[in-house]
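The structures come next, written out as structure tokens.
In what comes next, chain A is part of two complexes: it sits with chain B in the first one and with chain C in the second one.
Right, the complex of A and B next:
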């Protein structure tokens, strides 16, 4: 009986078969790339048509923007990944969010000396609106969140911390772990927190509470008030709303960047 | 406008602030009146307006007097507005800015934006009607709207019908846009599937796809916004576009870098470059991907990532390690310095100042003193003295 697959001849034959298979494989990929290129052109046309009818809708309607973003996410597409992407070029979503990113950075930088790099989404929203001026398009809080998520790529420690019914935006690479976050959430209602508050609500020991508060002080996120009635109050400037008398102007925001 | 009452602007017990917005003007019906620049506050119980120039001038309307609200989009030269339709004022109403008004509605004009959020919150409060559950002092309590039947004038029914029609119209526009969007997304999903299939082929045939084809593929992914599923990194996730961008960056950043001591954080670069462009802005990822190619393209700038994760762009000629010697000198002269103090002395951003001091500490030149008063750096005497 003929033995299969042994001997120099068989090896050579096998190699030839493999080479042919690989060749076909390469051709297959080439085909698919050509197909993708064609489909891409078609898609571009479809997108252009969509843009001509609904570009305004996206610009003006924040709810529609949310739906658009959610649908993209569902199918695995990131319309904001690149300014060179079709979505950005044709729908103009890119410029909207990237510019918002710049404005967010400027506001956070301008206020950092006051709040240590921690700010509520509300206040950020107000300040960004102020900076954008009267003739610019309105932005929603959802827009801000999406812009901030993109900024994370720059490695600067932007993060979004849920507290109460809203969010705190952190713009400096300070180390905040679960304990710190939980205390921030506790402080959200009144803008400050005490060791007793923490012990009563979170059932922690004194030492754990003190360590967390000391860390917040060190990072400049909390201010110590030793003159408060009873025990020391730890205030979080990020959580003050209209207690600020000072306001920054758009120019001050821009100058904050060295 | 005759529904407003003068108020101190202070919130009552059990009354909570929901949202506030500067730059709001009030219209009596369609007429402009003297209240043209104020801060509008929404609480659980009232709408309060306070004059920005004269804080004494402060007035409020209880939310219980609101029939319904509508949005009016912005136009050329016109700010976005919220129209608030009101029930008649109760007979025992406290004094306010107007005794009488022929209009049963007011308009709130948002000259400094914020209309979207305000409308959302106001709608929420109108739905929740928290003022009904949480009573406040006498001065705020009014009738819970008119008694059914008698005061419900024909005018209001007409308005409600118009609102319903407008809602249907808007819904139609939205649903058409939404339908078109859904169809578009189906096609986009096909592209995603196709790209996954190609990616699998590339992965299986390691080395059999040419560089050229890989670059082509990457640019297709870039156009669609699909994440690169293939981890074969020749230029990271870079494409031709990013290579060009990298070269452009050199031109844009050379001088600013020299002005800033040879080093800038990526955030600063992002802002600087996009502010300069004005249009066709770079996404954060575009910038990072372009910077990742600097070294490979042998350009005079480089990307550097510190231990903390902070990313910077440096001139190739910049040697951070050499800056450490002068940093040590500066700290020694002053005895000790915090990042903020050092930043001010040297003229750097606090972020980069901190990185330099941390690097000096890592190299053993400096010691830290970490306390509630902040992080302070001292010359490391353990090394120098014996």
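Right, the complex of A and C next:
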């Protein structure tokens, strides 16, 4: 093997090729960038026009808001990106979600002692609407999810757990892993879950099922019912449908105040 | 006497009738039970109860839900109430109790305010006068006709609605402790002097 000859030459060639590619790559990139930049400017102008025309609509109509947000997303614009900045100033969209975020926190605080910091999106929606009163802007579940995602990004301990077609919103950072979440999803149907349910549906061992249920009790998310037919039932206040019709009591409202 | 009593959400929540193993949850549960017992008794004008009655009362026995709080747990709730000053055992066996939705000290304060406001400090009342013959414990006492009821008929005043004689006595004892009143013996029973 003639190391020197092959090595030096090959390396040199390689380097030259790389340099050429790099050059071309740079040229390409610059070109592309210039084009994209032009396009973005155009997009931005159009969007500005659109936004100013439809500002009212955006604030008033939840469906319209969803479509507007989706549109922004496709061109990589986040109207809620920062408190200050073009979009939130332009549309006041940021304010809307900020205020909504505050309302969500209030509802969650008020109900936390009842449900351990876990609430269905439906109940949250109901309570938020109640709090806003008749003449306030309408708020959709989509709005809530967006506001919560913002809260989540701010590090407030919120998380969103998908269950049976809807979502559970966790406002207190409890330690929930996959096993816990899967059991929550199981409980969503009837508001409670049993060891047998878990074994039958998830095919787990008794011990694994028991551990999850113990954890839910420990986190204050579940209550134990020893008078249920057959075996112990573990009920989640967050999923207890009857609770939806309950008003926030005066005590609970007091808890929500700073 | 079907009251439109508003049961709290917990009353329809099956695990409410099982003593919770998690201590934080148990605290919330007991607080809710204490609150429920007091508002139930207040609305039903029930100032005393036996443990047997309690077990079968709709208060601890939700027939529709098919759940009832077991007697050991009832005892725990009652002990909480006793610690808070809202309950007093009437016998050594702890089979019957006095339940006071307002603590005797709180009643005492209200009574003393009423006495001062109406300028009746240093006046003496017999217990009979204070209750105007509404002696809940003695069925045989004659009822005082409305026309002869004096200003001193405490139990007929709206602000003392829900105050029974046993609790009244304890309220007066609380005032006595604070040297704002003195329970004295009069010719046919007991009386009280306010300072």
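Criterion: the second predicted complex is superposed on the first by the 193 of 258 C-alpha atoms of A that agree within 3 Å, B and C clash if a C-alpha of one lies under 4 Å from a C-alpha of the other, contacts with A are read in each partner's own complex, and residues count from 1 in each chain.
We adopt the following convention: a contact is a pair of C-beta atoms (placed from the backbone, for glycine too) under 8 Å apart; a residue touches a chain by one contact, two chains touch by 3 or more.
Every value quoted in this text rests on a predicted model; they were computed, and no experiment measured them.
Look at A:237: by the touch rule set out above, it reaches chain C but stays clear of chain B.
When both complexes are overlaid on chain A, the residue A:114 reaches chain C alone and has no touch with chain B.
By the touch criterion defined above, A:41 reaches neither chain B nor chain C. Legend: residue contacts after superposition of the two complexes on their common chain; A:218 is shown touching both chain B and chain C.
In the superposed three-chain model, the partner touching more residues of chain A is B, compared with the other of chain B and chain C.
Look at A:205: by the touch rule set out above, it reaches neither chain B nor chain C. Taken together, the two structures place residues 217-218, 220, 224, 242 of chain A in contact with chain B in one case and with chain C in the other.
Against chain B, the residues of chain A that register as touching in their complex are 22, 25-26, 28-30, 32-33, 35-37, 39-40, 42-44, 46-47, 50, 53-54, 57, 60-64, 67-68, 71-72, 74-88, 94-95, 98-99, 101-102, 105-106, 112, 122, 125-126, 129-130, 132, 134, 136, 138-141, 150-157, 172-173, 214, 217-218, 220, 224, 241-242, 257-258.
Of all residues in chain B, those touching chain A in their complex are 17, 19-23, 73-74, 79-80, 111-117, 173-174, 177-178, 180-182, 184-185, 187-192, 194-195, 197-198, 201-202, 204-205, 208-209, 213, 216-217, 220, 222-227, 241, 260, 265-268, 270-272, 274-275, 279-288, 305, 308-311, 347-351, 370-372, 374-375. If you check the complex, the residues on chain A that touch chain C are 113-114, 192, 217-218, 220, 223-228, 233, 235, 237, 240, 242-243, 246. The part of chain C that touches chain A in the complex is made up of residues 9, 12-18, 20-22, 24-25, 28-29, 66-68.
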